[in-house]
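When the chains are written out, they are named A, B, C and D in that same order, and each has its own residue count from 1.
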Amino acid sequence: MPISDWFKAREAKRYVTPNGPVDTSDLPDGVWIKCEECRRTVYQGDMESNLQVCPGCGAHGDLTAADRIAYLVDEGSFVETDGSLGSVDPLSFTSGKPYAGALEAARENTGMREAVLTGRATILERPVVVGAMDFRFIGASMGSAVGERITRAFELALTERTPLVLAVASGGARMQEGMLSLMQMAKTASAAARLSEAHVPYIALLTNPTMGGVTASFATLADVIYAEPHARIGFAGPRLVEQTIRTGLPKGFQSAESLLAHGMVDAVVDRRELTERVALTLDYLGSGGE
Amino acid sequence: MARTFVMEFERPVAELEHKLESLKRLDLTAQPDLAAEIVALELEIEKLRETLYSSLSAWEKVQVSRHPERPKTQDYIEALFTDVVELHGDRLFGDDGAMFAGLATIGRRRVAVLGHSKGRNTKENIARNFGSPHPEGFRKARRVMRLADRFGLPIVSLLDTAGAYPGIEDEQRGQALAIAECLATLAGVRAPVVVVGIGEGGSGGALAIGFGDRLIMLENAYYSVISPEMCATILHKDAGRASEAAACLQATADDLVRLGIADEIVREPAGGAHRDPEVVFEGVRDAVTRALDELADVPADELVSRRYERLRKTGVYTEGD
Amino acid sequence: MARTFVMEFERPVAELEHKLESLKRLDLTAQPDLAAEIVALELEIEKLRETLYSSLSAWEKVQVSRHPERPKTQDYIEALFTDVVELHGDRLFGDDGAMFAGLATIGRRRVAVLGHSKGRNTKENIARNFGSPHPEGFRKARRVMRLADRFGLPIVSLLDTAGAYPGIEDEQRGQALAIAECLATLAGVRAPVVVVGIGEGGSGGALAIGFGDRLIMLENAYYSVISPEMCATILHKDAGRASEAAACLQATADDLVRLGIADEIVREPAGGAHRDPEVVFEGVRDAVTRALDELADVPADELVSRRYERLRKTGVYTEGD
Amino acid sequence: MPISDWFKAREAKRYVTPNGPVDTSDLPDGVWIKCEECRRTVYQGDMESNLQVCPGCGAHGDLTAADRIAYLVDEGSFVETDGSLGSVDPLSFTSGKPYAGALEAARENTGMREAVLTGRATILERPVVVGAMDFRFIGASMGSAVGERITRAFELALTERTPLVLAVASGGARMQEGMLSLMQMAKTASAAARLSEAHVPYIALLTNPTMGGVTASFATLADVIYAEPHARIGFAGPRLVEQTIRTGLPKGFQSAESLLAHGMVDAVVDRRELTERVALTLDYLGSGGE
């Protein structure tokens, strides 16, 4: 499926002022949704025009990879690379839900071939290599195909000396690929190290959730790290931590705000300001002082 | 030697051994057949152990890899290396006993050594956090990686950890970032990196010092993206199905060679490395020095390129329609 | 504007200002001479202030440099820079409010900005630890220095600190090492480094972000190896003799130019920078952009060499018999 | 005064076993000293033959720079460099004890021209550039001359690609030289950065006390940092810390052992094992793996 199809369903209206009054009198049922944070009922169109940010409380809703890219880059500028690259089931993993079936289901449910989209685009007219992960696809876990697509994005950015912008979301490694999955951490981190050594800018956006092997590899090796409000970001899952330390977790544990306070991310950025912030940051990192 | 820890699958052996000890306490002169019986029983025990160990399941190997008497990083350092200079601290926050770092000599080669350090007893285990590093451990390792890089010292890295420690403060002090920085640093070290899986190889905490130009695995070591118990918990909400998960994860030494991730296996005696550590030390010494010899003349640039290409080939996927 | 903080040496001015305010509250129509008296008093105040400020002692300048209403790093950033992207955190332990770090634009130049951040009120001061950085602050600064180095961004650094914070945990987390690493990193930054002393320049905590290719000092800023009070305490066990110590330390802007350490002085209005910040902002903007322009075309290698040579010449000693 | 004169008064006996029995029956008074740590009375000859380490409790006594170098390097191998380089009084500093007089007194009392000795030597036959600071000389504070001598030691090591070993002791900056003193931190740190970039080994030994501007510059920029047992090492003086935090200091605060526990030094090394440890470390850092 060409990426352009993913865009057609929605209108990318950016920087719409939230909280505008809505005339709801003659709307059909079902276009109203309830914000999980503030429990307010919000008109779905309002959520969409507000980049899935609740106009009531500012909660940032989940995005598909396609929406993420659409919100981030100039309309129509995205050209996917490596779109035909997908996972196989190298270990014939059958414990629990068989992996082959899970892959098929994920493809059907998302219309995607893998959990990350990568390609070329422009952000407010600045050329970038861009990627976005989609949590709906087996928790955006990093198997061989995700690792390969991300590595190629790093390599493309390196070869063309074009800045890289990655919107990260992931539950961690894809255990159904065993050690092949773990080694993607080393592979993507090595690719990130090469890009860094070549002084090509790399900006990461950590969204909800960014956990496990992805956080512990390419995602946090960026020159500048932004995070979305309230995104969960960490290495170990909160339940494992809770079991290990046998006590409750502190309030806001592993939240983007907590990571900011602990010095791990450069800033927490509202989704509605992200495109401009990324463009501005790119201007600095690509400027050589001019 | 009385062993206090018996693995489930070794129970038949343990029972025979118990019987053997009872026999040996009897008066040989009063029962002339006893000597023969003892010899027979000893043979039976040996045969049973060899049979068991010739076809260990993945889960059984995981148990062997975690055996409390299994040789630890410190044992390897004492046995294989001379002129050891341990280096402490990350120069940022602390010194982590769960991560060994230092300079040492193996054969005629001077190297930097990294290794997850489990304790050999409870007291040591508490000091070493049972071999699960805090961010400080990874940052110490990274510091020594950079030292090795600057001075062209090969790195020998010994893997033996259940994983990075999943504590609240570990998360707050950037466990993920500390591991990521290790990976990026290790990728660029301009000297040979030889990794040996000596016991547990638990996920990102192992990988942080766990890839390079060669991966040597002990026969009963494992190296996995996730522990079998946690995998079973996620898949079945039942850690008791770890055996099934262990098989599926394909994380034994044999599996890793088959998958093209490990290069070489050092055989262990029947009963595991702890039954005859000297044999295993000898095997590791041989494999490591051979690897160092092979890598010694590769120019640094090529070494780093090859290391990258090695990772680039790791992964199985499909492309095209 | 009612000022709440009066420096000792300004008390005569404050008294006249108080008198002036009283006069202004009177009914002008009832006392025809009053208007003339007010004008005369205003002139007298202005003259007195100019006299005072034309010959401030070192210790008086130290007091001006610490005046609570003196413009702070945040004020300079708001006044001089556009498109500011603040960068937080050391990626190791924390984010230190006492140290500003970010990317910003001054005139047509994109730069990285570092600056000790005192608060502008009590609440801000608590969040910013009164401008005295913890190790995290220096490590954040170092991280941004390296970013600037990698991407060729000039650094503009604003000094305003009593010094690195001397707390127990600061020592334990390596305050000294954090500063040392900053110095070593700053030495090698392959882009222009322009430093501006805007207020207090307290010892190693200032120096960590406080040397480079140009040092611009505000007229009443100081930059000293030790605070006058601590110097007096050490020499005389009497902090009250700070005035004498301040003179001996020769740490005013004029002193530093004479000693060849500072390059340029930005004049302040009589009464200090806080009496007319816009004038001072304009002076700093001019000096910084001029320095950046002068340094813009110097090749990176030469920039780093010159920075080293500049330091190599700093120091007075004797050699030979 | 040639450096050889400093050595003549003492015999450099290395690695003598401590705690040997001493026949004290017919010794004159005055050659017995009391260990400040364990309060034991120790025969002075025993202290000397034990490198000024108390045979009773292992306390490490203060050393002059000359003794430090004599204990560290091969006998007769030290050749001083920059020996004629000394301080002047650039600020005509007269508050308190006039600086010019203090300098003169220090020179008379120590027979040294400045607070640091630098030169070439061999350590168990390994060529090194070596330096040692002497606390008796105005607290081994770093003024222009100390900074210049140390910087030249870094430059000599760089030019000749010979490893550098510095035995550090210092109360901090030499405030009588004002900002000229503070800038020595930047100067020496810059020289250290150059040596590091050139991959020439640098080992620092932090001795009692290593405080202030020296700790915060060249002293802690070494590839490997060793510390002497119980040495006080830190940035801020303990009294200042106490005044600031208005509570007592933890036990062992700023001790070498505390720094080790907090990850700041590589090891605490007994003086009697130092020469061998340094030589061994040099072998690693200079080996290129061979």
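The working rule: a residue touches a chain if its C-beta (ideal position, glycine included) is under 8 Å from a C-beta of that chain, and two chains touch if they have at least 3 such contacts.
All values reported here derive from a predicted model rather than from experimental measurement.
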Between C-D and B-D, the pair joined by more C-beta contacts: C-D
Longest centre-to-centre distance from chain A, chain (CA-based): D
Whole-Å gap between the CA centroids of chain A and chain C: 42
Where chain C and chain D are represented by their mean Cα positions, the distance between them in whole Å: 35
Separation of mean Cα positions, chain C and chain B [Å, integer]: 55
For chain D, residues that touch 2 or more chains besides their own: 196, 220, 262-264
Residues of chain C touching at least two other chains: 91-93, 173-174, 177
Chain contact graph, described as a line, ring, star, complete graph or other shape: other
Contacting chain pairs - touch in the sense defined above: A-B, A-C, B-C, B-D, C-D
Residue ranges of chain B in contact with chain A within the complex: 164-168, 170-177, 179-181, 183-188, 203-204, 207-208, 211, 223-226, 230-232, 234-236, 241, 244-245, 247-251, 255-256, 259, 261, 307-308, 311-312, 314-321
In the complex, chain D residues that touch chain C: 82, 84-88, 90-91, 93-97, 143-145, 147-148, 151, 173, 175, 177-187, 189-190, 192-194, 196-197, 212-213, 215-221, 233-237, 240-241, 244-245, 249-250, 253-254, 258, 262-264
Chain C contact footprint on chain B (complex, rising order): 91-93, 139, 173-174, 177
Interface residues, chain B side, partner chain D - complex: 83, 85-95, 103, 108-112, 136, 140, 147, 150-154, 191-192, 296
Chain D - residues contacting chain B, complex: 196, 199, 201, 220, 223-224, 260-267, 277, 280-281, 283-290
